[in-house]
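There are structures below to look over.
Both of the next two complexes hold subunit A, though its partner changes from subunit B to subunit C.
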Partner chain A sequence: MSNTVRFWLMVLPGTVFLVVFLLLPLIAIVVFSFWRTESYTLIQDWNLDNYATIFSHSAYLTFLARALVMATCVSLVCLAYAWPVAYFIVRYGGRYRLILLLSTAAPFLTGEILRVAALQQILGPIGVVNMALTRFGFDPIEALMYSNMATGTGLVYLWLPFMVLAIYLSLLNFDFALLDVAKITGAGPLRAFVEVTLPLNRAGTAIGIVLVFIPTLASATTSQFLGGPDGALYGNILARQFGSTGTWALGSAMGVVLFLASALALVIVWRAVGDLRRSGIVIKGAPKP
Partner chain B sequence: MSRPTRRQFLKSTATIAAGTALAMPHVRKAAAATLELRWLGWEHYNVAKIVREFEKAYKVRISSSYIDANSEAYNTLRAGGTADFDLVMGDGFWPRLYAKQGLTQPVDYRKIANIDKVFPHFRPPGSTILQEEGGKAMIAAPNCWGGYGLTVNLNKIDKADAHSLSLLFNDKYGRRLSTSARLEENIALAGILAAHKMGTKTAARPDGKPFNPYVLTDAELEEAKALLIKQKRLLVTRWNDENTLERLLRAEAVWASPEWSGIYRRIHFDKLDGKTRLNMTHALRPTEGGLGWVDSWAISAGVTSSEKLELCHKWIDWRLKPENMAIVATDLGWSPTVDVRRLIPRRYVETLFLNQTQVIQDLYQYDAPSSPEKWERVWSEVQAA
Partner chain C sequence: MSDCMLRLQSVTKRFGTTMAAESVSLEVGQTELFALLGPSGSGKTTLLRIIAGLDAPDEGRVLIGGRDVTRLPPYRRGIGMVFQDFLLFPHKTVAENIAFPLKMQGKSRAETADDLKWVSQLVRLTGLEERYPHELSGGQKQRVALARGLVSRPSLLLLDEPLANLDRELRKRMEVEIRRFQLELGIPFIYVTHNQEEALTMASRMAVMREGCLEQIGDKLALYHRPATAFVAAFLGSPNTFEGDVVGVEDGRAEIAWHGHRFWSRAHDGLAPGLRAVCYVKSEKIAFASSGAALAGRLRDTIFKGQYADYLVCLDDGHEITVSAAPDLCHRPGEAVGITWAADDGDAFPAVGKE
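== the complex of A and B ==
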């Protein structure tokens, strides 16, 4: 078998998969976004009305802004929480490192709906927390009940393992002896972290942020079940266009906008990470700085 | 016992794989020999006992898929679902829309023996809603009925407020109210109140037809939107599933909510059985007017074989069998369109509104919004406000 045939045999399945399941649906979405819907029927009538609706009606921009704020907050909370967890596992986990890492992903053994339902039982007005408070004569915490706070908590719970995993993998390549050098040269623990550990693991951190930010931006289920009357995010409204309202053309335009927003987030993170050679990622064959 | 060698392991695996591959076509043929009936509808109607006995009686397999809204079923059928489903459920005027678009086919009532046991208010001449528009053919068969009335906790809510739609917008009950997350029913219900306040409900309508909360004027829609925005701060949540609302009502975290009467019945059955002290009432038709539904079985246009068509009719007949409808009534709390009064405990009859089936004629039947695009914008503005 020639090298060319072997090359195509290896490349073809992946390419076909990407074309059929990613590229073609994406093209269809882009095409539909320039059509219109009338009484649940998609009509081939090329126009920019759907984009005009999204950018001229404050409601759609509000949902996008809500989703961006939610994704940013969830990413930051996950970041703050995941760093010490991953650091502890890598530094002190010893031969149990893998088990400890996998235990952070234990909730993934159940489905998303089940996890959200479990959170409802904890955070809701008749959840464990508020029932306990009322039992002891305190007022229930309203912020926990069907609110953006509840949605945020649910999303952190949902995506935290991805952030932990990304930082963990980055820290595995990190030479902890560098911290001893920093200490010898007079740096305290905080300064050593800020000037040595964090910069050398920024690629892992950035990948973690992307893994949390992008799915949160598009999320719908968590806010649907935990968010209150003010809890609708962009993903909820997007899902509705393809469900109950049947406004597929507007939904497609919303999908394109979401895709572009996600791509923009990726570019920003890529630019922020900058030079991978100084970020703990080892590229085989790359010239040494 | 010695451990198997790698060669033995590979040999055994290859034998099993070859055996499975050879057997698969026969397994597939055996599976294909069993006729499968696929229905799309409301999840709560998937009653294991009823399904199991049908499968046993007719040696077929039943599979079901679920919807959250009538429009979802409609969109599914339009997107090629007629090939995937043999039966579809629809409420109110929706089956007419299915039929008009050629998504379903006529139902032959002569093949449904139990249709005679349906209350007169749900079949011609008492009701023509399941009849082809302007024709004689029947497009669906009735199943259960109800309203989108108000379930109210009388221990917490004044009796004087319990029967008015204004209850859902009353500051006095702030953070103790709830509504469903479905945009059609939220806007339609607020639309009834808005039109009632504006005095346009009984006035001549632009389309020359009687008032229909799914065909609101722009002014009524604006008023409904204002009401729904005001309502937001009074709500605990907009529930997505009945279980959530039932838990909230039972725990008295929510004092009133519109719902399809089923939750009220389940709680009230418990009261009648001495299992709860909750004092619930249900305003099936609020003072200003209310929404109602008769859900029904329609046969998909994708059913072409006479054998499958026959089976579809048998399924509908089976569901209408009074013994099966009694299970739906007592176990699930849905009110059947079939007279089951003799088969259920007497104390349940009033709770199921089986002595007042004529109320259905005073309720505005579920329908498709006149402009889904316009309603989408209104609901988005409510949610973003």
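== the complex of A and C ==
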């Protein structure tokens, strides 16, 4: 009896959170996505028109594809950048580890808009980089101004700390002495990394990728400020449905599509991780094969 | 040494203020099983790590096969090592763990399978190949670690307490197997242990280590029967300790006065009449004697140990001496006994520290 009570006491907060903040909104947008909007009001009139619109107009899918490509590139760049940073902090950070880690999150102290605005000051046509180039008689770098490159840079800057954090936490649990074994048995540094370090931190790395990929897929603010007229991503179009055009039902359908795309990405990453035992993760009480 | 495979030249390693290795010089021959014996924290693991190249010495040089490898990374040294804390790869199965060195050497699948089968039988792991390390007992993990070290057929194998977690039966068997395997391979093994029985069983030569220094290196019988320092004398075997005054020194012998008794023993450097001395006599070198006994007392207790027994003899003045002898001697508790030992069976050293 008391065990049941304890069970529910422990389960309840998480359940309430999930229901209120995840399940209810999700149900709401799924429901709305099958409705209709007319002059800024939702009308309960069950139909599939919103989905038909999304899948018949190539514009929507193009924006989704752009967002997917952007999210993939941003994740890969973050990955390549975060690994050495996290590795260095864990291996050589000593007692300054935590400070070093927190300092990678320093940009978060300023809030999102300010962060993007700051990047504008650096990358934009009158930003520091191009001003300096013009000043010294060079041509400004077009790619830095209101382009996908600028958006990508901004997104990497925005989400990098999450990737660093995920890999950092994973490496904290990694026994570096295992590298001694690899070295003695004849593995050079690269081989040891591929055979030992990477597999044992695969799950943590996957979490980092998910933490970067999914928000990037949905992002709107960064591309709005840095992407320029042709830099809109799926998130910008989606936001427009709830803003200027007021087509909430269509926006909801777009949201559902985004949710499914994110879920699919999650499944793919999870599949790529595969058998958790191959990542050195012990599942207590798991049946032996 | 003509066939010297490994040579350490005054290797020194400090961790902060700890001297983990202090001017260690050592030579190990081509086909030797060399044991490194010492109490916990004496620097055995540190020395192995320096030989393997995992730690760089602060001073000194490491030569393998006549070549200076002091600055060579571990993966270029061709050394095998069995680690004290196993260090199995948690994401690899037993078979993959054992085959890892073979994989790094680029051995073919068939060769790998053969070696794997052979070594699994050797360390009795057959049937566990598909398990993950967390599904093994401590002893099984140790056997996997041992198998991984043996299978690579290195030019030099370092073993850091490879049998510490095994039961007696398995340990005895593995001792024989390791020895046989070493002869078969014809490569030197450096075998670290704090179990002197293991060292004495397996090694041809051995060294006793203490606080980063090698106290004595040599033939195992020499170390056991002719200890060069008080530490070695006290460390090997289970000696009785007599602390007394030196009465006289002549011909490499010293006469010690100990609580009104006098006896002779081998004298080591620094003994002179009037000084305090500590004399060590191994318990199995003391014998019961009916006549001409050096000391007389009563038997207090007999501790049966299987192949032998420890007889605790309480001298008339209250001091207790342990005599190891055959377990079937019909002495009864309380019985009056006399004990004696030959002068060459005692080793007297100047007493240090306590006056």
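Note that in this section the second predicted complex is superposed on the first by the 270 of 289 C-alpha atoms of A that agree within 3 Å, B and C clash if a C-alpha of one lies under 4 Å from a C-alpha of the other, contacts with A are read in each partner's own complex, and residues count from 1 in each chain.
Quick note on the criterion: a contact is a pair of C-beta atoms (placed from the backbone, for glycine too) under 8 Å apart; a residue touches a chain by one contact, two chains touch by 3 or more.
Bear in mind that the values here come from a model prediction, so they are computed numbers and not experimental data.
Peer 1: Please determine, from the superposition on subunit A, whether subunit B and subunit C clash or fit.
Peer 2: Once both complexes are aligned on subunit A, subunit B and subunit C fit side by side.
Peer 1: After the superposition on A, what does A:196 contact: first (subunit B), second (subunit C), both or neither?
Peer 2: second
Peer 1: What is the C-alpha-centre angle with subunit A at the apex and subunit B, subunit C at the ends, nearest 10 degrees?
Peer 2: 150
Peer 1: Who does A:178 touch here: subunit B (first), subunit C (second), both, or neither?
Peer 2: second
Peer 1: Applying the touch criterion given at the start, work out whether A:115 contacts subunit B, subunit C, both or neither, answering first, second, both or neither.
Peer 2: Touch partners of A:115: none, neither subunit B nor subunit C.
Peer 1: If you take every C-alpha pair with one atom in subunit B and one in subunit C, what is the shortest distance in Å after superposing?
Peer 2: 36
Peer 1: What residues of subunit A sit close enough to touch subunit C in their complex?
Peer 2: Contacts found on subunit A: 175, 177-178, 180-188, 191, 195-196, 199-200, 277-280, 282, 288-289.
Peer 1: In the complex formed with subunit B, which residues of subunit A make contact?
Peer 2: 37-41, 53, 57-60, 62-63, 120, 124-126, 142, 145-146, 224-225, 228-230, 232, 237, 240-247, 250
Peer 1: Under the stated contact criterion, what part of subunit B meets subunit A in this complex?
Peer 2: Residues in contact with subunit A: 68-69, 71-72, 74-75, 78, 175, 181-184, 232-233, 235-238, 240, 244, 247-248, 251, 253, 368, 371-373, 375-377, 379-381, 383-385.
Peer 1: Give every residue of subunit C touching subunit A within the complex, in rising order.
Peer 2: Residues 52-54, 73-75, 77-81, 83, 85, 87, 89-91, 100-101, 104-105, 130-132, 134-135, 148, 152.
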